[in-house]
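Next, two complexes with subunit A in common: one pairs it with subunit B, the other with subunit C.
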Partner chain A sequence: MMKRILAATAALAISASLASAQEVKVGVNLPYTGIGAEFAQLIDRGMELYLKLNADKVKPYSIKLIKRDAKNPAGNDSRVATQELLTQDNVDILAGWVYSPNAIASAPVVTAGKKLAVIMNAGTAHITNMSPYYVRTSFSMWHSGYPMGEAAAKQLGAKTAVVGYTDFPPGKDELAAFKRAFEGSGGKVIDEIPMGGAGAVPDFTPFFQRAKDKKPDVFFVFIPAGDHAAAVVKTYGALGMREAGIKLIGPGDITQDTKLQAMGDAAVGLITMHHYHADLDNAENKRFVAAWKKEYGANTTPDFMAIGGYDGMALIVHIVQQLKGKIDGDKAIAAAKTFKSNSPRGPFSIDPETRDIVMNAYLSEVVKGKDGKLSQKVLSTTPNVKDPCKALKVPPCG
Partner chain B sequence: MSAPTVFDHPAARALSRRHRLRWWEPLPWILALAFYFMFPRYLGFGTELLIMVLFAISLDLALGYAGIVTLGHAAFFGAGAYTVGMLAHHGIWNEPISSLFIGAAVAAAIGLASGLVLLRTTGLTLLMLTLCTMALLEEAANLGHDWTGGFDGLTGISIPPLFGLFEFNPLFPKTQYLYVLGALLICFVFVRTLVYSPFGHSLTGIRENTLRMHAVGAPVRTRLVVCYTISAALAGIAGGIWAQANAYVNLSTLGLDRAATVLIILVLGGYGRLYGAFVGAVAYMALSHFLAKVYPTAWQLGLGFLLVTIALFARGGIIGLGETLMARLRPKLKPKPPS
Partner chain C sequence: MIFTIENIASMVLGGVAAGMVLFIVSVGLSVTMGLMGFVNLAHGAFAMLGGYIIVLSMRHLGVGFIPALAIGFVMTAAVSIVFERVLYSRLYKAGELDQVLFTIGLAFVFIAALTVFIGPENQPLTLPPELRGQLDLGIVQYRTYSIFLIIVGVAIVIALWLGFERTRFGAQIRAAVDNRRMAESLGINIDRLFAITFGFGSGMAALGGGLGAEFLGLDPQYALKYLVFFLIVVAVGGAGSIVGVFCASLIIGVLDFVLKKYLPQGGTLFIYALTILLLLWRPQGLFGKPS
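Moving on to the complex of A and B:
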């Protein structure tokens, strides 16, 4: 009898200790207010949806998200939030970061805190070099700009290009990536047009007119995701650039899924290079998009921001399973390097050398369906693209 | 028995005692020290808060005392921050305290140069011109990418230990907090002495009635320029210390957001009052910080509600509200304070 009681007590004690080890706390650092709120919501929904769709993969552990507002791209609020998530909430893993300056400002805190930090958007290429605990599940600007440069010269047969870019670091990154690949493949960039800062949507007419006057084969445009895209497409249509034989191309930021339907017929024929759009034809993506529409409404759509959060959570769940719920920063990084998955964006893994993402890049064209809705058709796939900025050792990446 | 002189008049005595230390004046400093010991995990936030107090005090000197309406005070904050940041980043100079002096000097030089031109104007024109000065500096910092890091900002600012002993720990910023508190105390004592000096009184005179100050022969414009320069230097110290505490600088230090926030804080606390900066910064930052923690998506609602309430019902800010209440509670003991 006594033995039984002892055994039962021991069993209880063990299960109690297991229960306490089962919860993994993830600190989320996203701009839930201000101009970034739209992006934060997409990433947030991506994370939540992964947990909901893959509840069986998470078991027997549970993941608790502790959300903090990064407020703005100034850096200091995001940094204090990171600090408090580490010291007050004792989180096991950090995640989030929409704005690059915030990820840059948080880097010393992440390094000192020795916890894995999953970057789910911030795209400035060299960020992952700034802390040994950073892993990225979104993209770097080079992931789209470099393959686009090659594709423009080889597949679209362009000899000359004009680049218009929003004048802030992602824009300059994109310009450098495109130019390097395009000129390396025999093309020539004949004009580079800075088109104002990222803060407000400018009147694109003078910039586009200048591009039109140069008569290039392709006009490569980079603008930040959000409200710029609709204005770009409208100006392109209004100036008759298509009729003049100039193709509008760019990274997928200009055809962000959440903005695509609002662009109208002027968007038809746009050619972009990106790692994800909601119309990708694979089983995982169909399941993901259907679940998204069921969860958040038929008129909503996931986009490349949402997939950053979704795949980021997939990575976190992988790490939690590998480490059996006991998360240590260094072991978590080691586990992250072994991550491979079949994501809605296609095959997806973490480069063990750079802790950055390896994924396909898709060359897509906007087409109009019979129901009048716009969608994107994949023209070709560049498989397993590593961040070219680091692969080619372009400063400040290399 | 000597005959009563003019110095025995109650008004004269009140005036001669204005600058004396009041019993509650050490209180904010005791509270700040208590915060250090009681909330070691909140020191990152505490450091931000103290820097904001220092920045608001610098603005109070220009706006509250001299009546210089400016919406571009972040220009000097950013000048100080970038000076300290660039010196450290490019490996030229990174000793913390002397760096602050250099940052203050650069900010003061910009304040002097712009003040000489801008302070010929008043009112809305002045407001727009201060805003433009700040926007010009911000764009210069954006364009000078190789020196300033542009939009992504400057990182890798390594600050050696303070006095060779105390490390700047990014995770538990104890050193940063005490360092900022010390700098704030010194700057505050300086400002307090300044505003009770004849120079400070002449500033108040200019704010209240510029024509009359001209009429009594006060060098109005010189006084304003000197005040603006001192205020710029203090803002430069706040910016420099921000760069050191955070170990980075970016364009936000020169942004309209920062300039507007500090103005709101000062109006909220009560401008032209020495402790308005303290009360305003604590109210604004504590509220936004803790509300944002509990409601990450909806905290701005609560903050906006506070601001609307203060704007509608307490024109003198929180301190002004307190003064009105005190005056109502004991109407016979004290005459009403000048509004």
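Moving on to the complex of A and C:
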């Protein structure tokens, strides 16, 4: 009897260890409820679409997503979710993070947990310095802010700019990036307007009125995409700022694909700098967008958040294959540094020095087609941008 | 900072328009609080429900903006009367904590229900072309919709004031606010009065939810996001006073606009600080009667 129990236990233990070699548990930390819920859905769909389209690349392993709710941009709830994923769900890899404060708050837990953590959105530049286990597949604010500052001065010929930003870490980062490049190229930032927090969409009228009174050549706006974006473009149109000769520019958050059609004519002529939008003209992206519409409906569209989840999952699958399904935090980081792919956003790789992404930045303009639909036209491409914040060693990045 | 006429006019117009939205939403909250002594934290949820009905009926049924506002008012009022008869009326004699717990719970139910059935995303309001763009007022060009809101707000406050002060029903409400037991003993049907007033207040909130969607947006978090502002308006204006709510809305709307424009670093801090100071000075609000 005793022998049989022992044998059964041993068999169980073996089958359990076999199962863990086959199945990789990915803990997902996203705001499934609250103001970030639609962002969480986009990243989720990006991850799931990659797994569906690339089932043969995952074999013989399987990837199980375990989702926990980060709730809000405040940090605390996300930190708790990270902790629970590590200690209760025993995940092999962490992924997600829409909001920078959440990734910042989770950093010590990630470091202590010694598991690879893939950031799929949160863009404050220095986040990847906060834990040696962070790898980013989205962007740093400097990827858009810095090239935009140069382009505003050189290509758009702007002499003066007003910057309006949502008052939380990535907003301040974006402001710093734009200002450094714009003033380095001979322009002058004449006013900086903090426009409320990320937790709720404010009425932008007073802030935009202030910007309009300053009469700048360009008004550079950073907001955390989503409903903020729709409100920004609406207010810009309603206050007659275009007629006053002020160009609205920003990172692609102000022209998020999912919100673009609802913005109407007020969006025509907006100029953005970003690493992805659904209208990018390359074969990989055409396939991706078509697969997305087939899977989630013709009226839906992927956007820069979806691509963060999609490429993030591509990275995770690469690591799982490299490590043959046995995930160890340090080995996973080493494997991540060798990752290169041809993504819908263009060439994509992980910088081995910073664990941050290297990718193209596209300067685009919103145009209206004959069918009345809005789309984004690429004006110029800056190839293989490494996070300028770290390249230039700007504190706290350098 | 240079103050030009254009500068000042745009500030006043922007602030007053924001204040009008606050007024339209908050007036129902103030009356139910004054009349029934009931703290209805689900008021923002009724505003949200109305906003959704208005925006979605425009989008999916092709109804015009004005008819959609009417539909939103009527449907929200009807729904809220059902809630009042079935749920709220059981708690009129309960303690304040029970009322607060019940109504905040109801707000969460609304949030979850809209997230499940409609989705977490914002529902943009599509204004008719006549209300978009800019209007030339002679001294200043300003967004047409803000001016429309100001006209609507003024019309509503005049109509409400006349209804409150000059009609038999208004007199009954005022009597019940002043002394409920005396009003009851004079033969006023308090139950009926409560239900109608509650429905009317929720209908007004629905109008505010729809009219304000252009500025405040409309998503499932709406129910709690702006609740603090609605409560501040009622606290500053004094519960149960229409003129009080109107003045408080204008003061808060304009102050908030001006402070955000010139001191954006402070955010909403000033409004909260000013509210605290005012309530220390006059706990019953600007126009409320001391209890």
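The definition used in the following text is that the second predicted complex is superposed on the first by the 376 of 398 C-alpha atoms of A that agree within 3 Å, B and C clash if a C-alpha of one lies under 4 Å from a C-alpha of the other, contacts with A are read in each partner's own complex, and residues count from 1 in each chain.
In the analysis below, a contact is a pair of C-beta atoms (placed from the backbone, for glycine too) under 8 Å apart; a residue touches a chain by one contact, two chains touch by 3 or more.
Note that this is a predicted model, so its numbers are computed, not measured.
Novice: For A:D213, decide between first (touching subunit B), second (touching subunit C), both and neither.
Specialist: So A:D213 only meets subunit C here.
Novice: Touch check for A:E84: first (subunit B), second (subunit C), both, or neither?
Specialist: A:E84: touches subunit B, not subunit C.
Novice: In the overlay, answer first, second, both or neither for which of subunit B and subunit C A:T33 touches.
Specialist: Both partners.
Novice: Which holds for A:D69: it touches subunit B only (first), subunit C only (second), both, or neither?
Specialist: first
Novice: Once the shared chain is lined up, is A:M195 touching subunit B (first), subunit C (second), both, or neither of them?
Specialist: second
Novice: Which partner chains sit in contact with A:F168 here, subunit B, subunit C, both or neither? Use first/second/both/neither.
Specialist: first
Novice: What is the contact status of A:R355 with respect to subunit B (first) and subunit C (second): first, second, both, or neither?
Specialist: neither
Novice: Once the structures are superposed on A, label A:K115 by its partner contacts, choosing first (subunit B), second (subunit C), both or neither.
Specialist: In the superposition, A:K115 contacts neither subunit B nor subunit C.
Novice: A:A231 contacts which: subunit B (first), subunit C (second), both, neither?
Specialist: A:A231 contacts subunit C only, not subunit B.
Novice: From the superposed pair, tell me which subunit A residues show up as contacts to subunit B and also as contacts to subunit C.
Specialist: 33, 37, 167, 197
Novice: Over in the complex, which subunit A residues touch subunit C? Could you list them?
Specialist: Spelled out, the residues of subunit A in touch with subunit C are 33-35, 37-38, 41, 167, 193-197, 200-203, 205-207, 209-210, 213, 226-227, 230-231, 234, 237-240, 243, 258, 262.
Novice: Quick one: in the complex, what on subunit B touches subunit A?
Specialist: 41-42, 44-45, 48, 142, 150-153, 155, 169-173, 242, 246-248, 250-252, 255, 257-258, 289, 292-293, 296-297, 299-300
Novice: For a test of understanding, state which residues of subunit A touch subunit B in their complex under the given definition.
Specialist: These residues of subunit A touch subunit B: 32-33, 37, 67-69, 71-76, 79-80, 83-84, 86-88, 100-101, 104-105, 107-109, 111-113, 124, 130, 167-169, 197-198.
Novice: Would you mind writing out the residues of subunit C in touch with subunit A in their complex?
Specialist: Residues 7, 10-11, 14, 18, 115, 119-122, 124, 132-134, 141, 143, 145-146, 214-217, 219, 221, 225, 256-258, 260-262, 264-265, 267-268.
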